[in-house]
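Think of it as A, B, C and D in the order they're written, each chain with its own count starting at 1.
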């Protein structure tokens, strides 16, 4: 049994993040959080859909082998918490919500999320009767395009993990008149959402969703942890740059190679 | 006049459809034959392959699926040809489940048998590699321990080249060549092969993924092939004519069409705003 | 014969699915239904192969631990049962744990620490004013874009801080423009492959 | 009641935590038993996910059988045909793949004749949507979109061999944009996404994000 060389700083950082997160969570401090207009907009978009009597479509739950078991799972979990939020509003307004599925491991989970949302609004039977239509299997982007033409949704929530199909579905749903709220942590796809969607979340903003919607002190504390480590990153970059400029990077470099 | 402005503001879908199809078909039928400027990245990639010696072994991740065939296959073909020219042997694994099904078409273009290359002795495809980054590490440690048969279920005991690899496999490998549309695949190979063992590496990601690979160049990755465009440059530079060279005209035509759309959209928008105000 | 038939079917399917970009109509819908079916079937066949190669073969070879994996796999179907649907949570919990573990261990090194380590700049490069300028600009872009992503720190809402993070936002917008345009080149390249197939392999009108 | 809660919720949550920890520590510690355990868990995952693939098939069969019934009574025969084609292809391919085998020439022929052109074209057809997006959304609405548009414009120019052959300076500008503007703003996003993803993982392992097990007790 030995520690893998070169990954020690990774391990220490990970443990530190856990420690700070646990400390902040149990200290129950009050945490302020800035506004994320894109998330406030979901309620408005669903309301609009209810008025127009047209459905809401949510996408972004992985694809094929990139499901809950893969490294995009945090994005999918974020997408699922938005799905739960949107589904409750939809159930309340009596608006149809459709969550497209591309990854087999997410399907039972999305089922649970929708079931819970409808249960909390006391409309479980409504869900049980139509759950297959609410979770259609769309294995390719052509099916998503066809779905857009078929349903003509009033709102389109595209938050989660996306691949090359992002520009296509965003463009098509936009052209059938849906208001779009986009966001992903997948670097290559952010540009299309930034250009096409009415409201968008850039990169890690999608991870703040759970905390932003529920506002429990524990959730907010974990977002604060994230921010503290971002500040540490900033400090390290400044320090490293100064040391490099002065030609004294040696020790810091050694620390990073630990 | 007012309707004119309106028309420029909202061009219907079928016009894009026809203009793009028409212009691309036209340029295929009547090519301009423009040269494509060869970038430094491609020249470096060429140099890495050109430095191979007779009998060296290249490990390729033949990791593309049906969707990105146009970006990856030309590069695979031209580098395989170049490797044969140098007398290097080729072993392949694949991080895409579709690769074994697409392999035959690419091999038909490479024609290894014309160079006297025999399957099993000079080149092997081991098949689909599941399990992500941990699996890359596993095959670099011992490829014959990970796979028991090749992509067509031929037992490895019948393939002489596989017997040469043994454990640890990484010591026998002179170059790693990764083709993939997955960012985590590209970076996973960098971590497991280039960082861990310092094996030379060339990568062929999709064109739009190149910026995320550049931070590793030239320290970890010695050559980056810019998708199909890079393959076209490689074909031109190496003198192995292939399919991708024709791409240059397509890029010119397609790019110009997009520029025109961009300008039209903005003129329409500007006119409408001016009309509105 | 089979080859000629194959090329004709390929060409027709290529044209049919392309017409979806024009609009949703019967031809594209037919192609789309075929596409959905063959993709799902192919994934099912791959899944079957995985169950056989990794599960059943190991069990027949005497590795009985994999019986548990097969049982867990079957448990996912509990979701169709009204009373016992909760049983599907066991396999899902396992899958979830794997996903979280894989992402956490990879992110801390690759996305955070490696990126920081690569961001130590030489602010003044002797004899190369352009490089010095570029390096200073890089630090400014990086730090301002990072500060844009602070959520819970009130000080970031002050006017100076907002102005600083605006630099990052503009830089990100520029980067998005770059990616957007480069993706166009990727897709032209890929569609060129299809046009070449139609005109060269199928119609044989161009060389 | 409390026991039901234990096996319906708490054990699965604990399972997630334990597995997450095993996978994480396997990255940092080189220890044979741990490595073997990780390999086994990973193999378990492949098998479990393979089983879940059945959901997709069941979902399609349910939706399309319903549609056939519905459209039969509405006398929409083309729609009936579509659903029949879908179910037919699904059955034929699955039988061919499982019965004859994925490496057989028959299955390879089916794949290269149907899956390959459809996949390649659907992927490439994104081009048309990009064109329409270029026209429809890349407009100078604000200073921010102005920057986006300007950089996109230069980059498109830089990708056109017809222009770069005669005006090579554009390649220099394009390379500068990629090397500084793109690289470092993406790096900032990457760091943020990394930290955000880790904290998301922490929240999941601490059972704070339990959407995947249903948000309410039952």
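Methods note: a contact is a pair of C-beta atoms (placed from the backbone, for glycine too) under 8 Å apart; a residue touches a chain by one contact, two chains touch by 3 or more.
Note that this is a predicted model, so its numbers are computed, not measured.
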item: Touching chain B and also chain C, the following chains; value: A, D
item: Chain nearest the global centroid, as defined over all protein CA atoms shown; value: C
item: Two chains sharing the most C-beta contacts; value: C-D
item: Inter-centroid spacing, chain C versus chain A (mean Cα positions, whole Å); value: 14
item: Chain centre separation (chain A, chain D; CA means) in Å; value: 13
item: Gap in Å, rounded to a whole number, between the CA centres of chain B and chain A; value: 30
item: Gap in Å, rounded to a whole number, between the CA centres of chain D and chain B; value: 20
item: For chain C, residues contacting two or more additional chains; value: 17-18, 20-21, 23, 29, 31, 35-36, 39-40, 42-43, 46-47, 50, 76, 92, 95-96, 98, 100, 102-110, 112, 116, 118-119, 142-143, 146, 149, 172-173, 175-180, 182-185, 188, 190-191, 193-194
item: Chain B: positions in contact with at least two other chains; value: 13, 16-17, 20, 67-70, 97-98, 130, 132, 184, 208, 210-212, 215, 251, 254-255, 258
item: Residues of chain D whose C-beta touches two or more other chains; value: 24, 27-28, 42, 45-46, 48-49, 52-56, 60, 102, 107, 111-112, 115-116, 118-120, 122-130, 132, 134, 136, 138, 145, 148-149, 152-153, 156, 159, 178-179, 182-183, 186-187, 189-193, 195, 197-198, 201-202, 204, 212-213, 218
item: Chain-level touch network, classified as line, ring, star, complete or other; value: complete
item: Residues of chain C defined as touching chain D within the complex; value: 2, 5-6, 9-11, 13-14, 17-18, 20-21, 26, 29-31, 33-51, 54-55, 58, 65-66, 68-70, 72-74, 76-77, 86, 89-98, 100-108, 110-112, 115-116, 118-119, 134, 137-138, 141-143, 145-146, 148-149, 168-185, 187-188, 190-191, 193-194, 197
item: Residue ranges of chain D in contact with chain C within the complex; value: 8-9, 11-13, 15-24, 26-28, 40-57, 60, 78, 82-83, 85-90, 92-94, 97-98, 102, 107, 109-130, 134, 138, 143-145, 147-156, 159, 176-195, 197-198, 201-202, 204-205, 212-213, 218
item: For the chain A and chain D complex, residues of the former touching the latter; value: 1-4, 7-8, 10-11, 14, 17-18, 21, 25, 65, 67-69, 74-75, 77-78, 80-81, 83-84, 101, 104-105, 107-109, 112-113, 115-116, 119-120, 132-133, 135-137, 139-142, 164-165, 167-168, 170-172, 174-175, 185, 187, 190, 192, 194-196, 202-204, 206-208, 210, 218-219, 222-223, 225-226, 229-230, 233
item: Chain A contact footprint on chain D (complex, rising order); value: 24, 27-31, 45, 48-49, 52-56, 59-60, 62-63, 66, 118-119, 122-123, 125-126, 129-130, 132-133, 136-138, 145, 148, 186, 189-193, 195-204, 206, 208-209, 211-216, 218
item: Touching residues (chain side chain D, partner chain B) in the complex; value: 38-39, 42, 46, 102-103, 107-108, 111-112, 115-116, 118-120, 122-124, 127-128, 130-132, 134-136, 138-141, 149, 152-153, 156-157, 159-165, 168, 171, 178-179, 182-183, 186-187
